[in-house]
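Have a look at this one.
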Amino acid sequence: MAAGNIFGTAYKVVSFGESHGKCVGCVIDGCPAGLKISEEFIQNELNRRMPGKGDFSTTRSEKDKFEILSGVFNGMTTGAPICLLVWNRDVDSSSYEKMRFIPRPGHADFTAHKKYSGYNDYRGGGRFSGRITISIVLAGAIAKIILKEKLGIEIFAYTKTIDGIESNIPIPNDFNNIKRDPATGCIDPELTAKAHKILEDLKKDGDSTGGIIECIAKNVPTGLGEPFFDTIEGDVSKIMFAIPAIKGVEFGSGFKGSSMRGSENNDQFIVKENKILTETNNAGGILGGISTGMPIVLRVAVKPTPSIRKTQKSVDIKKMEPIEIQVKGRHDVLIVPRAIPVVECALAIVLLDHALRSNIIQNVLR
Amino acid sequence: MAAGNIFGTAYKVVSFGESHGKCVGCVIDGCPAGLKISEEFIQNELNRRMPGKGDFSTTRSEKDKFEILSGVFNGMTTGAPICLLVWNRDVDSSSYEKMRFIPRPGHADFTAHKKYSGYNDYRGGGRFSGRITISIVLAGAIAKIILKEKLGIEIFAYTKTIDGIESNIPIPNDFNNIKRDPATGCIDPELTAKAHKILEDLKKDGDSTGGIIECIAKNVPTGLGEPFFDTIEGDVSKIMFAIPAIKGVEFGSGFKGSSMRGSENNDQFIVKENKILTETNNAGGILGGISTGMPIVLRVAVKPTPSIRKTQKSVDIKKMEPIEIQVKGRHDVLIVPRAIPVVECALAIVLLDHALRSNIIQNVLR
Amino acid sequence: MAAGNIFGTAYKVVSFGESHGKCVGCVIDGCPAGLKISEEFIQNELNRRMPGKGDFSTTRSEKDKFEILSGVFNGMTTGAPICLLVWNRDVDSSSYEKMRFIPRPGHADFTAHKKYSGYNDYRGGGRFSGRITISIVLAGAIAKIILKEKLGIEIFAYTKTIDGIESNIPIPNDFNNIKRDPATGCIDPELTAKAHKILEDLKKDGDSTGGIIECIAKNVPTGLGEPFFDTIEGDVSKIMFAIPAIKGVEFGSGFKGSSMRGSENNDQFIVKENKILTETNNAGGILGGISTGMPIVLRVAVKPTPSIRKTQKSVDIKKMEPIEIQVKGRHDVLIVPRAIPVVECALAIVLLDHALRSNIIQNVLR
Amino acid sequence: MAAGNIFGTAYKVVSFGESHGKCVGCVIDGCPAGLKISEEFIQNELNRRMPGKGDFSTTRSEKDKFEILSGVFNGMTTGAPICLLVWNRDVDSSSYEKMRFIPRPGHADFTAHKKYSGYNDYRGGGRFSGRITISIVLAGAIAKIILKEKLGIEIFAYTKTIDGIESNIPIPNDFNNIKRDPATGCIDPELTAKAHKILEDLKKDGDSTGGIIECIAKNVPTGLGEPFFDTIEGDVSKIMFAIPAIKGVEFGSGFKGSSMRGSENNDQFIVKENKILTETNNAGGILGGISTGMPIVLRVAVKPTPSIRKTQKSVDIKKMEPIEIQVKGRHDVLIVPRAIPVVECALAIVLLDHALRSNIIQNVLR
């Protein structure tokens, strides 16, 4: 009971829709009135999530055109709930019918079947498809517009690690001029080259891999976050784990930091242009669950795409018998680049939610 | 606005209290009626969190005796909100007065001061002290009792990594017979020995370090978790980040898994004694945000204790001038072992919350 | 901030849409999986709310055809959020443009303009139109289906009072055979006749009136309600006040009961067929905020329709000058009969929400 | 599941404690930092709720001294959760033991027993005692302080009706100089005299009665309320029904208004000193669920005190046999005057909650 399809406290996002149903969308409750909505920007964010941007993603070409059903009037938010959605185009769901009782390893088929007693819409993964992240992108794109315009906050994510190889390019201050490789999401040409090589081999092999995405938000004001429980880290990690395939989240020095010395990991305070900053940013811009004013830095671990061509072991749930399966169709060797805009939008939702919970944005909105 | 001191949906935990105030406690709203509460077990969990269990923790000796103020009658829960607390004993707060405007690096002093415009109770870190985790232990201890008795769920955490050195002992099936080293929380004698050596050096040096805690829950039924947003991973990570010092959370193969192949990371389904299991458990017992029935496995990164004897740079917030500080008093070189029971209790809160949200426990409770 | 378009704890209803926008709809989060949805029943409930059922309602003929966008698969609920909506048909909004800054007395024009700084969609009352109750009807119709099928709960509302004249017909036990007068919602022929007379006069006069609706739910199990705050009365009254025009709610003997003696108002307990009942039902089926097992009985006061033909005083908000207005178009002399299905559906939402919060329905659902 | 002891969105009030347990208290989550708390004012509000103020209330003399456990430092709020409570003094609970299975008519004994399977603390009504309203008074007293100081909002309640006889005194503008009769809460000397006569007869008779309380809030700014669901009426009525004995709530012209003409009930807009007001206030200061700027006016129906000396019918739940009971001890003939401060405090909680949800108070708080 008490299903969990609503996220947020002040900027509430309600997700609905299925992969092979009529649509995927969201309702946003709590978006302030009087904000200009750029439909072009929203569409652009959706396009970034769409497949077909390189050699290693599925060639299924969805044109994810979105529609606003409510809450926007003359191009401005009205204070009423905003319903947005992307209509699904006709898709062939026939292949899923015969796989209904044979869960794919690494997918949610098994747990969904058990939890909803077999009544879940299993076509294309239903509610567990990566396609549901469209609801995060729709709500997050609007959050990005507001954060940028009202607080100057900018968010940028990219592929930090593929196959254990780390990107070594420092992030330029101007996010607008950073180029990501479409097929991998990398910004380091060296890593890009290596990654392409690895992915080509995996593609031939019918296998897949994952990676680590780093996401940075700059110009975040000091004071966002509502501890004890509603910390920035807590709320960000919670929404990140809604993105299928994400299995780890860390902030600042994160897991590596746990082996450092206190003297090394502590960020020393300094004064610069009458502002208090820290020399380093091992805290990832968050102390005590509250933003410090330094950039927020986090990394998420994306597991290898579970859909692979290789033969795998499964079980026929009805007969309770082992069975071998091969997931048919064309699939992403690497889902990481498509997850990048989702991670950015997820972070935007949390930052706007906390901005609206604090006095900080009220100051600006009035 | 909308402060964030309440966690949970069905088993709601409200945290209150300060480090140097009268008490630290919690109110639990949603605990079912008719459950026997062992005060001894709760006290035992609190004792595990107390300092003074080895050579590397603060020698401040708090006797954390708890008291139940409401919701329990004749040793049984009544269905009414349960208020529990630990009274703080007289502590000397004088040293904090002069440090009021000089934030300690790595602590929440700076962000708390900014967020609450200087009105926060700064003594001993106030709401940002590790002592506030008592509220998690109180609510989590009760959750553990119920989970164990009604569903057979058992939870165990230990120190997996110190200074980058991993524990190599497989977790025995019987959690009750595993011995942890009191000073480090390690279960691997080899790691224990190495860790002691490192910590002795750090102690002399006036420095500190962190570590990685692994936490496992077994006998978790299939079907806990409420995606899209209220996944097990999402809710667990959210509460983990309420524990001061935690900067990363991963499930199953986690960050390492992101470099694996799909064929390697996918857990193949098998039938065993008419139950569907997986051969491996890279998913950490969670697929699509829902428990699979396999053990839930997670790791959290604990940052090095920020309180160190070494001289550090800070800023006098009032004068906006740089200043050097040395954090006085005796402090934990390693906070990790004291965080272990908190991590276990935090996980227990989430699992009970989701058990109460699902039909699974209702089945048993009736 | 923190807009309030979401109702419920276990059966959450998210309302969206505007009177003259694209649609009015809702998302239901928390509807259990495996329930058969009768689209015919839902459409029927919507039809009951539609105007044009007598001589005293607006002749604007909206065909409120609804559509399910998500959460239902093969005619069954899937456990995923259910999005339903009614598309608005082309309406002429031109008349509202020139009235934009001249608030109609008794309407929300003034408060909406102030609250949303003039950015609200003012066409046809926008979010404050009676049309938004479609979202209650959609979610309530589904609730009714589940309550009836799983718990045998039946809900019936009718016009109790018009112009201070009370209905004197006792409610028959079989709700299905009670006939309501379409134009007034009355079930008492005597009251119906008198009401028609009054309404004809009002129609000629360009005036309007209100009335009192009584709503009864039978077969409600003992034990629904979650005091201290989430009482049945509290949650029912909260949702009732979302229905525009409702200005009072009472349960059982209500306001009249406040002048009674304790000995008279107390419902004495009796045993009947091994069940504990009460001789009278002055409590309206609720004691301590929890259902007693007796029928739930409540009455709501519906204010006179504020749209009247008579000249009224208003103020031009922009010029801050007095102005006289006449609300044009055809309007309802009596909105009460159209509010009847909304009141029933609102009650159904609360009862299902509380049934899902309790163990009672879990018992049946499994 | 999902017990309902938490009220509010921005100013969250968590109620705990039992009538004959250790204490009754609350935790407030969301109170802004930097507000001066007058302990004297809070104690004064509690004193108003205490019995023994006239001839018609119980002579049990509880000294309700409150204590602040957290969230206040140097007399100022810190932004942390505020825990306040009143310790119960030793009370004799022995008489309740033998009545455990014999529910008192008009009380929650029966429903509580059923809901909590007999595990509820039945002593003195446990969670269903009027004493639990202490948690509303504690949180409401703080709300009153903030509303008064930051927005100038003042709240006043009094007994409007006893035994169907209405008070005929217009409410003076200066709330501070209005005198209420301690024994009845009336402000009209004529009604006071009549009421005393009635109550004396009832006292002799061992019977009781109820009444209607009117509550007014002035200086409420335009724009509080978050429709569609979180209207001022909805949230106010919800909390009012948490007060035991309240069975009806109406705003403005309320039930009487439902028999009026639209032309009569609509409040015409006028301009006065460059402010938009209404000539009348039949809306009770609320249109579309949002405050208009006119005084908020509501009335609640208080049922006759259920504890009476007269013999009543009950049922022995264990034996399922009829039994006659007489509720022993001294009881309130009229609970109404003691409910007055609770109604005021309940309204204050809602108004502060909505002030904190809106931009209006942020403006002032900064």
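All chains are identified by letter, namely A, B, C and D, in their written order; residue positions are counted from 1 within each chain.
The working rule: a contact is a pair of C-beta atoms (placed from the backbone, for glycine too) under 8 Å apart; a residue touches a chain by one contact, two chains touch by 3 or more.
These figures come from a predicted structure and were not determined experimentally.
Engineer: So which chain is farthest from subunit A, going by the mean of the CA atoms in each chain?
Structural biologist: For subunit A, the chain whose C-alpha mean is farthest off is D.
Engineer: Taking contacts as defined above, which has more of them, C-D or A-D?
Structural biologist: By number of C-beta pairs in contact, C-D is the larger.
Engineer: So, what's the distance in Å between the C-alpha centres of subunit B and subunit A?
Structural biologist: The answer is 26 Å.
Engineer: Distance from the CA centroid of subunit A to that of subunit D, rounded to the nearest Å?
Structural biologist: Chain centres of subunit A and subunit D, defined by C-alpha means, are spaced 46 Å apart.
Engineer: Just the number, please: Cα centre separation of subunit C and subunit D in whole Å.
Structural biologist: Distance between chain centres: 26 Å.
Engineer: For subunit B, give me the residues that contact two or more of the other chains.
Structural biologist: If we look for residues of subunit B contacting two or more partner chains, we find 1-6, 9-10, 15, 115, 127, 357, 359, 362.
Engineer: Can you name the residues of subunit B that touch subunit D in the complex?
Structural biologist: The contact residues of subunit B facing subunit D are 1-6, 9-10, 12, 14-18, 21-23, 25, 27, 29-34, 69-71, 73, 76-83, 85, 115-117, 119-121, 126-127, 356-357, 362.
Engineer: Which stretch or stretches of subunit B touch subunit A in the complex?
Structural biologist: The touching residues are 1-7, 9-10, 15, 103, 105-108, 110-112, 114-115, 127-128, 132, 135, 161-164, 202, 207-212, 222-223, 225-231, 233-235, 237-242, 244, 246-255, 257-271, 274, 276, 278-279, 282-284, 286-292, 301-308, 310, 312-315, 317, 320-322, 357-359.
Engineer: For the complex, give me every residue of subunit A touching subunit D.
Structural biologist: Touching subunit D from subunit A are residues 1-2, 359, 362-363, 365-366.
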